[in-house]
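Letters A, B, C and D mark the chains as written, and numbering starts fresh at 1 in each.
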Amino acid sequence: MTDEPAFYSHPFDDDKLKEECGVFGVVGVKDAANFVALGMHALQHRGQEAGGIVAHHPEHGFNSAHRFGYVRDNFTKASLMETLPGPVAIGHVRYSTAGKKGAVIRDIQPFFGEFSMGGCTIAHNGNLTNADQLRRELIEMGAIFQSSSDSECIIHLMARSIQKRHADRIADALRRVEGAFSVVAMTRTKLIGVRDPLGVRPLVLGKLGDGGYALSSETCGLDIIGAELVREIDPGEMVVIEDGIVKSSRPFAPAKSRFCIFEHVYFSRPDSQYGGRSVYDTRHQIGVELAREAPVEADLVCPVPDSGTPAAIGFSQESGIPFALGITRNQYMGRTFIEPTEQIRNMGVRLKLNVNRALIKGKRVILVDDSVVRGTTSRKIKDMILDAGAKEVHFRIASPPTAWPCFYGVDTPDRSKLLAANMSEEDMRQWINVDSLKFISLDGLYRAAGEVNGRDNVTPQYCDACFSGEYPVTPTDQIDKGFEMKTAAE
Amino acid sequence: MTDEPAFYSHPFDDDKLKEECGVFGVVGVKDAANFVALGMHALQHRGQEAGGIVAHHPEHGFNSAHRFGYVRDNFTKASLMETLPGPVAIGHVRYSTAGKKGAVIRDIQPFFGEFSMGGCTIAHNGNLTNADQLRRELIEMGAIFQSSSDSECIIHLMARSIQKRHADRIADALRRVEGAFSVVAMTRTKLIGVRDPLGVRPLVLGKLGDGGYALSSETCGLDIIGAELVREIDPGEMVVIEDGIVKSSRPFAPAKSRFCIFEHVYFSRPDSQYGGRSVYDTRHQIGVELAREAPVEADLVCPVPDSGTPAAIGFSQESGIPFALGITRNQYMGRTFIEPTEQIRNMGVRLKLNVNRALIKGKRVILVDDSVVRGTTSRKIKDMILDAGAKEVHFRIASPPTAWPCFYGVDTPDRSKLLAANMSEEDMRQWINVDSLKFISLDGLYRAAGEVNGRDNVTPQYCDACFSGEYPVTPTDQIDKGFEMKTAAE
Amino acid sequence: MTDEPAFYSHPFDDDKLKEECGVFGVVGVKDAANFVALGMHALQHRGQEAGGIVAHHPEHGFNSAHRFGYVRDNFTKASLMETLPGPVAIGHVRYSTAGKKGAVIRDIQPFFGEFSMGGCTIAHNGNLTNADQLRRELIEMGAIFQSSSDSECIIHLMARSIQKRHADRIADALRRVEGAFSVVAMTRTKLIGVRDPLGVRPLVLGKLGDGGYALSSETCGLDIIGAELVREIDPGEMVVIEDGIVKSSRPFAPAKSRFCIFEHVYFSRPDSQYGGRSVYDTRHQIGVELAREAPVEADLVCPVPDSGTPAAIGFSQESGIPFALGITRNQYMGRTFIEPTEQIRNMGVRLKLNVNRALIKGKRVILVDDSVVRGTTSRKIKDMILDAGAKEVHFRIASPPTAWPCFYGVDTPDRSKLLAANMSEEDMRQWINVDSLKFISLDGLYRAAGEVNGRDNVTPQYCDACFSGEYPVTPTDQIDKGFEMKTAAE
Amino acid sequence: MTDEPAFYSHPFDDDKLKEECGVFGVVGVKDAANFVALGMHALQHRGQEAGGIVAHHPEHGFNSAHRFGYVRDNFTKASLMETLPGPVAIGHVRYSTAGKKGAVIRDIQPFFGEFSMGGCTIAHNGNLTNADQLRRELIEMGAIFQSSSDSECIIHLMARSIQKRHADRIADALRRVEGAFSVVAMTRTKLIGVRDPLGVRPLVLGKLGDGGYALSSETCGLDIIGAELVREIDPGEMVVIEDGIVKSSRPFAPAKSRFCIFEHVYFSRPDSQYGGRSVYDTRHQIGVELAREAPVEADLVCPVPDSGTPAAIGFSQESGIPFALGITRNQYMGRTFIEPTEQIRNMGVRLKLNVNRALIKGKRVILVDDSVVRGTTSRKIKDMILDAGAKEVHFRIASPPTAWPCFYGVDTPDRSKLLAANMSEEDMRQWINVDSLKFISLDGLYRAAGEVNGRDNVTPQYCDACFSGEYPVTPTDQIDKGFEMKTAAE
């Protein structure tokens, strides 16, 4: 059942892969929900459609708020935040699956379950690859699903566990699911964090003064509340935090880490860090590698705003070609052109971007972008640049060709719509119609991410399924629906 | 878990018993949801806080909308109604329990369950007296509750039934519950209606042209869509309507009917009819009986607007004392003084009512009201009448003293707050401070309702627990919470 | 220039004459705006589209709020009322002219003008019959009009007066205008009230404790704030209230009073009083006169809700035929069906009214209504009554045939759309298609209003232009636009 | 009179000078208002509080819409834009004066006046320095002001002109005013543009296909609608555009141009161009000049986002010190933290900005910002940078010290709050507490803006009053209020 649509995605956001979620939790502070709101604000880039917070207070019990829209527009109002008292709270920001217009409030996390040993609420970043199968089984057994979210399976699996403690029920439930998950959960007194055995999605632990702790998808969520980074939660690890003590356990069979490399390329904020390196550094280094792999003579290196900027700076510094902001982004463009007039809809990319004509005229321009998905935006930007009088246009892309969909918590178009799934690099160049088009190599990307010897092709250090078609977890539901895995021949 | 409060009840509505729900369903017409919206509008007096509609369309599946506020403000917009296509739909209007400020969208019915044989949605008028007990059991077995509503138990009981057909699962579920229920349910193609064995809450069947059928709490819901009244659903009956055919069955053990007599006194709309008599007639006749039982010399008979009017007309006609509208109701008073200033809050009843001073001055006035609950409004009205210069004030009440709470779907204050539970008639007269105060007798009320021999004290023809303390269904959950039933001595 | 439309009138309100305004002012109390809001709420029947308040505080100066919608939805919020501090305030409720969909916030009164001797704000009930002419003149002289309202002329005339005091400027301005006006105005310290020489629209003076005073269109506005009625402002009188002192003057040439008789028939609230009699009394007496003038054998007298009720009671009492509420009004019907679906729009009157079928069936029914304007509603109601099985339907109308438009502050359809302007009584009966149709005579109406000898046909005691076509003030602008006055032959 | 406040400024926006307006107009195209909305969107950086559009259609006349909030949230809705038909339209975006919380809808431009020769509407960018004086005079003569805006004087002056044509009345009016004005006006068929004799604010002319023309504050407004830049309107020039013909005239006494140099430093969008150079170029060049004037050894050059970026790139390129984005801006920060909780309010700058800790740690950092107004933000940013482990912090400011308020259409704090008005450069360095602080010299700024010989100190090429205290137009109203001009000694 779908409830009436409440919010439509922005029409111009469809040419990027989209991270689907961010999770955040805090325990051991006064009014934890206020900290959670700040953390969610810092993680807003991981999900702009909706957000939810659940808080627990010894006297007032569990209270929650689920809202469409930005954190800043909802979870900053005193009148709402006052309804979420207590020293422990978790939150979730969410981006809905592209194409599904039916966004409904029941799909907004955190999800809550009342159990005989007390309530528990969970927030999930990632995607379960066997959720359809589990849902059918659970319905057969009498479960009533309230949302269309794969994450709701976790709550129903918990409800059927015979464990006496919430954390054990969470472990029971997560041992039944497949796919990618970074989960933040909460009982009346405990904050719980779990990461799937491959550690596909990030999750970090931070410390506040006076025994408070925070869990966040990225380190930028810790920075905003002034928490100190303790460490990343390990792949396959569960932490249970109560009374200022962090207990760690390993409920899953051990496995080699396969962190999502696209977090470096595009999803994570540049000021977040993984393994002691900032995402900005990696992106800057991608630009350096690109300049080495695919040099070209030109007058200017311009980023496609805003995500291509660090790589463009790296490219400029390595190549010696001057860096310039040749394309200006309209900072007042929001996601709220809900009902644009026909005339405005046709303006497309111009509403967001404008070329600095005086700067570009007569120049040979290298454009650095983070990725090419459908390629439609690349064509439009090329048109704008030529229209402004550029002599040559060279595209340099800070990721390898995106040829496969992601089933681990990222919103990707059907394979048929991925430009790189259907064309060679040269075909793409002709289709976009530019003087040159080069993607960084997979090895170059790994080097930029700190793997000095490049990709280990036997057991790669990262999940790079979107580039390589090598899926570390079998996408069961998708195969049921007809998805064809890469064959040996490909 | 309570979600953030979304809507507060009106501060001046607290001195009446409140019907908690109305249900409506239509099958076999184009755009059934439009008919359901109209039916809900006609039943708005049964629940003003919120409403929901679920519709099913062969191609577009189940769609729903749940909204706080009046039907007229939500379910009349083309943009919303277009999202609810299909030939079958059900709806529900709802009043929240007094005092509980936490109205949440998840508590708005209809409730929906996805089963292995397809989805089913239900709307419930009444109250289950063993819902707390059932909820504990169901949670123990792995059910995840999403609302705080007793009605959600029905869906979970259905989910655990092993019956193959929806209707049989509904019957299974309803055999496990106790209390009062008039249920309208719907599958992809069927409209289903059920009434509890005692038939405490009403439910009527109507016919539209071309094989369409409607189920409604009251006949006024049929009138608005131009449906012809077929008959009332019998106590203990289930009807399943599909392809223009109505199939009837009796899933419960037979029992003597105990229809709620307060539906006649106050809840139902005066233009609705039960057993071939209009509610207006019964109320008019209550006035006649009151004039016989409790005559008094006076100059004018004035109703307390608006519900006392039919009885006041009856009183006037029987007594020969002229009828007049001595109190004017402000028709622009809504329920939306959500955030009144202090000064306005203190105006109390004056915002709604004004005495016609020129008419009342120097007169002996009989005021006819439908009931006395806390008595606070009666005092304020008396003050207004005296303030306008009346010489005498006589209250005549069109129901017996309300001394017991209702547990069958009516919002009643705690017994401690019911004036008649704590005072004799004379004490009440002194407390309200009027020249006389008389309630109709229980027998008089039964006579007015058409029982020429009055009440059958062995097995009464109606449920009159709110007056008599004789509860036809044991209020299990309430007894668990400490409610004391009437003792032999009372 | 018209600003974008903000609010559309209700589609079912178009078969009544509409009072266009109510005015209210208070001086000499703490937070006068709160009192004004209450008074406006009591006067809401005089204008439902919009309302405005201006208050003055010695420190915070003039502050104002203008809003579309009901008083209860806007001027009850503490957050808004706190922005309107001070001991003197005036308010205005407004109904827009039918047909003009372009309601704009700039048209909402009170209007404000900054003069060299300080600010002044005015609220006007009535209509100026030479406003178009004045507007042209004023524009020629350099005035910039901000609204499309005739009332704005008053402010511009004041701005061009050479008088030193506000009250004198108001008198100067009002001596230049023609038509009907009851004006409430306010300076930093004074509350001012003026009524046109004929006293077409009402205006009453009330007294609060501690030297506070109030001006209100009707006495019901005084009742709600607990003010004592002092007296009506006389036709042609101006009062200036300051420091608890009421100064009266007569700025206009003396004239015989011509109060609007339709205020008795329909516009004013039944609990308001004029000349010591309640409007309810007059309406009741109209029913008595009607029963004498146009008796008929029948089983029931039913009012057309709600305005026909007092006359129906009078008719019943005089004729001895029982009074009954045969038609039930849906009290949850608001004015907010802004965007109804086609199906709902076609329901027409059924959304608002339902016939009590069990009561009406087989009966000869007298329907008492206040007036017939276009006649469309009368036809629909007749259909509903017959559809419910009535044997005969007799219409009795509590006003004479409405055959002429009003130009003094009432929204009337074009003459071509007034049923009585185009048909004889018998033609109307056939068109509505009822067994009989009778209007009260003009003399009967005057008798009911207390003129024991009926109408003085030489200089009538009231303005009854809508019935008689005798306009006490020449409608200059209308004649310019082609309106034809009654000829001697008519 | 102030109407109730409708919108509060953002609490973190108070440490920049604020351009107060942008104007835009289009004639000779279908649905001109759609083009105007796009132009206003491109000019949104010049005024974020509110916007208005007036359009004229031969049949539907003048229509307008005035709204608080962003262009994208209001003027993109088909339902609104359909109410603004016609081939000619003008628009205005507006920022309210800081500190004045009372933003009211009546203050939103364009302003409209109905004259005997037909309606005319105007939009004004700039500020009139003798508006208070004019307002007093006009009120004395009978003008009724509706807004608190200085720009309304223009309409009233037009109303009192005896000229027969709108354009002549505009010229008459503008000859009476003093100060800075770029005005876009419109009659039923003409689009009119005027720039004050000194040309303080910008105004450019663009050409659309098929005889259409546009006027815009900046060239970026032409780019978004695909209009070709024709030229800048000259200081002191008036253009009247009708039927595809542009007529130019010079209604004022000739004067030397004094364009606002702060348009280059901060106000204008980097992709706009003046005199054939992009604003980006000038800013980049400021960075180059700064690096020459105030070199320092360091590891990184980081911009303060986003306005410091071009100068930081220039500084980096000239100095050879690597450019890096050391501070990340939260792109989901809007202006809508209207009612933040206390805890969130105290977060201050952290909600908007985060330091890339991994990048900054242990580094000597040069921060390039566009200006220092109060200095409070500079202190907070310095704290964040040090907190992240920077070894040294050097501020380089891309404008001279801002020591004087602007009275020509820019929102500046009182002189007492301007850091540079009260401290020497060294005092400022100590107060901000950084290792070094350097501002570009006035000559350096002029060189960067293309004046190879720097500032002409006799008659400067630009208005630089905010830096130099040399006001090219006497600020009459301010002097009346006590403002003290720079003395010879200063």
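Note that in this section contacts are C-beta pairs under 8 Å (C-beta built on N, C-alpha and C of every residue); 3 or more make two chains touch, one makes a residue touch a chain.
These numbers come from a predicted model, not from an experiment.
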{"item": "Chain pair showing more contacts of the two, A-B and A-D", "value": "A-D"}
{"item": "Centroid comparison with chain D (C-alpha atoms), farthest chain", "value": "B"}
{"item": "Distance from the mean Cα position of chain C to that of chain A, given in whole angstrom", "value": "61"}
{"item": "Mean-CA-position distance for chain B and chain A (Å)", "value": "49"}
{"item": "Chain A-chain D separation of Cα centroids, rounded to whole Å", "value": "37"}
{"item": "Topology of the chain contact graph, where touching chains are joined (line, ring, star, complete, other)", "value": "ring"}
{"item": "Chains touching one another, given as label pairs in label order", "value": "A-B, A-D, B-C, C-D"}
{"item": "Residue ranges of chain D touching chain C (in the complex, touch as defined)", "value": "1-5, 54, 61-66, 80, 83-84, 105-106, 112-116, 119, 121, 136, 139-146, 155-156, 159-160"}
{"item": "Residues on chain A engaged by chain D in the complex (per definition of touch)", "value": "31, 34, 37-38, 41-42, 44-45, 48, 70-73, 76-79, 81, 220, 223-224, 226, 269-271, 273, 276-278, 280-281, 284, 306, 309-310, 313, 317, 322-325, 328, 330-334, 336-344, 347, 350-351, 354-359"}
